[in-house]
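What follows is chain A paired twice: with chain B in the first complex and chain C in the second.
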Partner chain A sequence: MAVSWEEARDKLRELRDSNVRDGESVVDLGERLVRKYSSKLGDELWLVCEQVFIAALDVDRDDVADMCLEKLSSNFPKSSRVMKLQGMMLESQGCADEAEELYKTILAQDPTNAAVRKRLIALSKWRNWKNPGATIKMLTEYLEVFMADNDAWLELADLYIAQMDYDRAAYCMEELILSNSFNHLYHQRYAEIKYSKGGKENKELARQYFAQAVKLSNNCNMRALYGLLMTCTSLCGKVSQSEDSKNKQYATWAAKMIAEKYNNTWVQDKDVSLDGKKNVTPSKDVPQLMASVQQSLSLLNLQDGVA
Partner chain B sequence: MSHPLKKVAIIVGLACIVHAGFSAAQHRSFVRLTEQEFSSLPLDIVVQSILGLFLASYGILMVSGDFKNIQVNADMKEKSFETVGNRFAFCTFEHRGKALYSRQ
Partner chain C sequence: MSSTKDVEISCRAFVKLQLHLAKYPHCAVNGLLLARQFKKENKVLEIVDVIPLFHQCLQLLPMLEIALAHVDAHCHVNDLWIAGYYEAAEHLNASTVTSLFAEKIADKILENNTGCRLVMVDNKKVATPESLCFYDKISGKWQKQAQDKIRFEAGCFETLQDLLEHRVHKDLVDFDNHLCDISLHWLNHPVNHLIVM
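Coming up: the complex of A and B.
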């Protein structure tokens, strides 16, 4: 492999910070790092070990997972965090009962261990995947204690969405927006839930939240831009005349922004290939995507809106 | 400026401040011994301590890493729900990974 160990370390750090679940590349980069360069990593080694371990479970590489776990448990023999990883190993091997037992023994020693409680919830999610009711109950009990856990609120929202309980899912997102009102993704998610719920009031609310998401992300959030376009087009004809013209205006603006973004990626990629550098294939679906934008605008007879 | 030079800036700056402090103490004792009226510190000590302060703060600013953007949502702008929606605490392992990557 051509990647130096420093590059691999930085890449892994980036993947760790940005929350990407890409087991394949993490194992590719991390296996060599843990095997050969463990002395150079210093204290970061343990973070890398944990990251590579979870990635190895994801891509079914038991040998790598064993190696990481061995390193971790020899260094931290009594750590509950390492015991949690052992439980995850059992989970990946399909031994749900043993994993549950292990998690419960950890919890008996340390009832405030949030990470292990979350593993129990994940375990129940896996076991009761057809019927998330039991998991939802566990998760709400967890959230009564750990109210500031953003991940748990998001998870609960997802479980409610899976049950098409949009009102409760929206409540979860409201909690998240309250805790972090500058995060455009929470606004976008909330708007999506309201849009899925349907109905005029919900869609008007969705439009507001999509617009807020677009604003907070400095017009970067493509999903929110599309959402804005969709809500405005679907609201047309269902509201009063003055509202209608506003919706058309917003839809045109969103379409313009989307078209601009697609055009920019097109041009940028073409420039790179002309320079004879790395030949980046321009996203081939740009014409298709433009057509879909045009189509939703043509519903409003506004084709000329797109530059 | 390279990294070691910045560290030198911190050390020199701190040394300047410490030295100015000792000089000031010495000046006070000198003034007391010669039974003069103490009015103010000599200009060179004042200048030295101010210079040391600036040098040390510059060095520390440069060594401690890049500045972060002051806007709250600056590092959120580029993110999408695809990564933020990943929750490792709740991940399960009964998925297509086993089928996709099994080496049989």
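Coming up: the complex of A and C.
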């Protein structure tokens, strides 16, 4: 059951690289590593300390957070990166004003520190949860300077989506697609936004972008496949006859691809999936699940008959 | 004006809803409540299951429509109906007043499912039964239902504590997870088995 320190280190590396927010696992793996094996980690110790510190704040483990911050502060007494962590500690204790002051001090010395500016925006998001406009303003000002920050554009799009401001959210995604034209996830999200906005033209645009996302993902993006099916069926009957037959054709293709994917995952693999890990869904449940998939696919295609 | 039915929530429904909140404490989440079709005429609305839906960008419609089609099909096959929609806000202090979007979706579900409820989650009371605020549409408005009209199956709180201690919330699958990896299913059979045990 016990994980060796090497395994723990590798797992933490994996979590760092994949950007998954899983505080519980990180603290579980990292606490022992920082306490007992810090000499073995070499310079990686500091990355692990930072990672475990943030995770500890997330799961409210002040003892672990204190330990990590102490190690970092004593080793890097003047680092702005460690000062940012001190600010996050203040935030977690509810001292928002003190944290803001600290962040502003760091920025006074180093105005281009993007991470700290983003902390200020996060702080504003927490404080002004009733009024996202203030946060949106800060984030747009940030993006005027740091235009290449994809995560910030995505966050801005999310803020607009939460307010159902689909036009502005679409603009953010356009920026992202321009600079990352091969990322299928951005195409898919743009299509979802356009579909949500509604109207024939937006749905036609959504169909194009879902189709592009399907292509860029090698037919692997399920959201894009479903999206293609949805947009095509909902456009049926609302466009010219030649367009109509094309839409039917695309919808049929997408439905076939989706059904195939479910077949490959559930019916042929039995209890063990291709990469060897045990399937979460027991095989005796598969017939019922497949029936419900078939039913829902036919339900979606039905709309086409009604229209 | 019809009088509002009392609500009874099964252990399975309560636990799965709370596990969904526990899996994504930093996100807004939503999902659906299911009840048995043949008990529709009963005096009490019995919620028997919950389908966790999304934890990112709730306000985008395409995947929500897909999810509703899937859940509809599941209901059709298993003699169930969609008896409610739940939503939890991202911010800890967010109020339990119905959100514009939640009302829009609940209204849409209501069109085909008379008697469907809207549930807003009180983040500060989470994991207790009091964290669920039920709303019923009465004379054109979503109105809050008194807490004493909501009953929970005995033992559901203990079961939840037990599963949280074993970190079962990590294994809970919502529709977002399903779309990322379709081998994970939103019916959560593995978690259902644990709740029965």
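The criterion applied here is as follows: the second predicted complex is superposed on the first by the 267 of 307 C-alpha atoms of A that agree within 3 Å, B and C clash if a C-alpha of one lies under 4 Å from a C-alpha of the other, contacts with A are read in each partner's own complex, and residues count from 1 in each chain.
Quick note on the criterion: a contact is a pair of C-beta atoms (placed from the backbone, for glycine too) under 8 Å apart; a residue touches a chain by one contact, two chains touch by 3 or more.
Predicted model only: the values in this text are computed from it and were never measured.
After overlaying the two complexes on the shared chain, residue contacts for A:24 are found with chain B and with chain C alike. In the superposition on chain A, no contact is made by A:41 with either chain B or chain C. When the two complexes are overlaid on their common chain A, residue A:107 makes contact with neither chain B nor chain C.
In the superposition on chain A, contact of A:217 is made with chain B only, not with chain C. In the superposed model, A:290 makes contact with neither chain B nor chain C.
Once the two complexes are overlaid on the shared chain, A:61 sits against chain B while remaining clear of chain C.
Once the two complexes are laid over each other on the shared chain, residue contacts for A:126 go to chain B and to chain C alike. In the superposed model, A:164 makes contact with chain C only, not with chain B. When both complexes are aligned on chain A by C-alpha atoms, chain A residues 21, 24, 58, 126, 158, 189, 222-223 touch chain B in the first and chain C in the second. By the touch rule above, chain A contacts chain B in their complex via residues 18-21, 23-24, 54, 57-61, 88, 91-92, 94, 115, 118-119, 121-123, 125-126, 151-152, 154-155, 158, 182-185, 188-189, 216-218, 220-223. Taken in their complex, chain C has these residues touching chain A: 26, 28, 56-63, 65-66, 69-70, 72-74, 76-77, 90-91, 93-94, 100-101, 167, 170-171, 173, 179-180, 182-185, 187, 189-190.
Contact residues of chain B toward chain A in the complex are 72-73, 76-81, 83-95, 97-98, 100-103. Interface of chain A with chain C (complex): residues 21, 24, 58, 126, 129, 158, 161-162, 164, 189, 191-193, 195-196, 206, 222-223, 226-227, 230-231, 261-262, 265-266, 269, 273, 279-282, 285, 288-289, 291-293, 295-296, 299-300.
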